[in-house]
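Below you'll find the structures, each written out as structure tokens.
In what comes next, chain A is part of two complexes: it sits with chain B in the first one and with chain C in the second one.
Showing the complex of A and B:
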């Protein structure tokens, strides 16, 4: 079983929603679609499910073009971001629904529903209506329905986005395991890079309806092929600056010259974009060091064990991640230092020229 | 103190509201002589003669039968025609969909009198004249658009993802529509049916124009109460009371649905 998207495109009116997407999914694999809101993840899934019709390209399942096959004859299950269940059916009937339609024997339905509801811890609620459940329970009902169907293709469209933190962590671990046993193609759309990394498998990054990179998830994270993929795979956003190198002199977009060309060492003259992740932006009190970027703190977000400090460095606002609760007051002077070994260098067209070396220790440990 | 003031206000309001209805009820239990003799706040000589007359004279009770028959037919036809139309208007985009939707509503804007003559001529020539079907079909003119308008609001309140999930689960469209979808818009169907019932029940012009003998509605019968002795007030009052009964029963059954319909803003 394999699912092949061949130059798939969707144009609505004048707008190109999905632009020339080619992907191959093998059975029993975990596939992550990673992209920001409106990047086309949901649309792409709807095309794969057959809910929307492509305007370009083909989709093949088992080498057979599925263009003419209606949704209800395809072996597809989908879980939406918003909790979608049949409001008038009990949880049991909701889960059993695809099996009832398929005309399975009663005992088999009973077995599968019991099994799924046990795994997703829904057994105490089987007689309730979806409206009587919490959001998390409703979404687990939807997931259970996708699970019992044992479809060849399971599409999970940000299934955990509307759940609370604890439940999200729990289900994120369980989901791949649940579906792994059935040898299904699991496609999981998410906006969160951290979620993609936790899920593993293969990641395709989406940006404005195009697939910007495909590869093993950790690899895409470490070596984004281009600046779009790097942006998609960075949360908070990638810190960036445009620089020009000419005769060993590196100049910023605002005309400031850097004292060394360490950031672009060994690269020919030309225009570049430099990007670095928040954990590699080391913030400290101003020292006046020549290789540092001084600025003014604009906001500090404190999330318990970590703080995100936003620093206005003049030509951009960069974000720095610091461990623990740090009280950088807005308006305070500070500077960010960048380790030249920890930056991504992209050429003028946005293609990756250089990525940081893989580290044996966590980036957070380096900072501490 | 405030509560008392409110209570008094409500009492006055209810008195004003029920006075005409009470007076009708009052009259229906009086003899014509008592009605004409002066001001009596309750019947001094209670009589059931008026009601007995209606329930024994076929000319009278068949009027109710005819009316109820075409109203029921019309309600069933209107709602079942409106359901697929409202679904299409809610779920699909097609050329001119918004214009068509508005055009449907514009049917409600023309006075019924405009349609009386063409309907009369049309039904007469195809042999539908003076049947309950004539009235039931003619009332679709305003009831189908109304039902489409009401149902479209309710259907649009059901997320499209439910339709899609059903398709993914393997439901065929008819099975999905009956098993999953109809229960979700039961309120809307209740509201639409109520309004179809009400408008068909109170409509007089088409109903009297399109019938003579065999399908004569109660409203037409009620205009024939003159006799040699003059107007039969008691009989007319009894007929009036009975005419309100079906409406009251229907309102009782759909009162909760109506409240939800108002909440959705389509009624």
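Showing the complex of A and C:
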């Protein structure tokens, strides 16, 4: 079983919602669709499920064009961000509903529902109505409904977004395992880079209805093919600046000249965009060093084990990650230093020219 | 112990409301109570009559008691009939209203139009509409051989009033139900489509349960209003033919203003009021209890 999207497009009125998307999904794989809200994740899933009609391209399942096949005859299951269950049916009946519609024999339904409710730890609640369950249990019920169907394609549309932190962690671990045995194609849409990294598998980054990159999840994170993919895969956002190089002189977009061309070493003259992630923005007290970017702290977000310090450097606001709780008060003067080996360099069109090497884990570095 | 200041002066804020309610409701109500326990021989001389008016009223063997019981039965039948028609019809209309585009506004305005017409005008429209000589409905029905005469035939009179009420108020049920339907996230419909659920099962298992709360409101509003109906039948049939469409409110006006029988009328108003109040309370309690039992 494979699902192939070939130059798929969707235009609603004048608006291009999905723009020339080509993706291949193999059975038994975990595929992450990563993109911000309105990037087209849900729409793409609706197209894959057959809920909407494509306006361009084709979708092939097992090498067969599925354009004319209605949703109910496709082997698809879907879980949503909202907890979608039939409000008037018990948990048991909810889980059984796709099987009843399919007309399975009673014993088989009983078996599958029992199995799914055991795996999802819903056995004590089978007689309850969805409204009598907690959010996590409701979503488990919805997942169980998708599981019993044994669909070839399972679409998970931000399934954990409405759950609290602890439940999310729990279910995020369970989900891929639950479906792994059935050999189904699992497609998981999320807005969170961290979630994509935790899920692993293959990631396709989406930006404004277009797939900006496809690849193994950690690889896409380390080597985003272009600036759009890098932006989608950075949370907090990527720190960026526009620079121009001419005759070994690097000039910032605000006209300031840098003392060294280390950032763009070995690259020909021209305009570039430089991006670096929060962990590579080293913040410190102002030293007046010529290669540092001085600025004023605008916000410090403290999340416990780490703090995000937002620094207004004049032409942009950059974010720096520091471990532990730091006392960077808004208004304080500080500077950010960039390690030239830790930056992404994009060309004027936004294509990646250079990415930092993966960090090797050395025990010494951890000790320090 | 916390040293909390304890001060009851905040109650003074309630005084304006109390004064308003006193003049708008309690004093007028008390004059009715006053009439209901007294009798008069004219010249503004009243004397104590105890609970006699109430005893008469609640005893169906007396003249007034019989009238009251008959009118009460008519009211209950009328409310039941219009609820049974308007609720399903309103839901059906709401389901047919488009959800997107310019047609939404057009459909909503069209459906809301009858609600914006003053009640006496509704009555007048239907009174003329139903006439056998010049009324579109009356003349048309008779010309195709259906005997229809709302001034002589009780069935015709009832049919006219029921249809009129349905025409007037189904829109409100439809608007309420439409608001409820709009609140159902699209994901529910998608999930049903992926399941391969039928249209009926979508209605039965998604739409109807999700509409429950608005439908409770719709039932309450429609019951109250239909149980207190006065203007439209008074214009269309005047309670006739005979007593066929004499609802409690019409009878009350006849007794109070036609016969100036203040004692009976006052007792009747109070009992009428109490019946409406208690029926609404029962409705509301039963329906919210049902919901709570499901919800928790």
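Quick note on the criterion: the second predicted complex is superposed on the first by the 361 of 368 C-alpha atoms of A that agree within 3 Å, B and C clash if a C-alpha of one lies under 4 Å from a C-alpha of the other, contacts with A are read in each partner's own complex, and residues count from 1 in each chain.
Throughout what follows, contacts are C-beta pairs under 8 Å (C-beta built on N, C-alpha and C of every residue); 3 or more make two chains touch, one makes a residue touch a chain.
These figures come from a predicted structure and were not determined experimentally.
Partners chain B and chain C, brought together by superposition on chain A, clash. When the two structures are aligned on the shared chain, A:22 is found in touch with neither chain B nor chain C.
In the superposition on chain A, A:248 contacts neither chain B nor chain C.
Shared-chain residue A:131: touches chain C; no touch with chain B. Residue contacts after overlaying the shared chain place A:88 against chain B and chain C alike. Once the two complexes are overlaid on the shared chain, A:260 sits clear of chain B and of chain C alike.
Under the contact criterion defined above, the residues of chain A that touch both chain B in one complex and chain C in the other are 49, 51, 71-73, 76-78, 80, 82, 84, 86-89, 97-98, 101-102, 145.
Listed in rising order, the residues of chain B touching chain A in the complex are 159, 161-162, 164-172, 175, 180, 183-184. Interface residues of chain A, counted against chain C in their complex, comprise 46, 49, 51, 71-73, 76-78, 80-82, 84, 86-89, 97-98, 101-102, 129, 131-132, 142, 145. For chain C in complex with chain A, the touching residues are 185, 187-188, 190-191, 193-197, 204-206, 208-210, 294-296.
Against chain B, in their complex, chain A makes its touches with residues 49, 51, 70-73, 76-78, 80, 82, 84-89, 97-98, 101-102, 145, 149.
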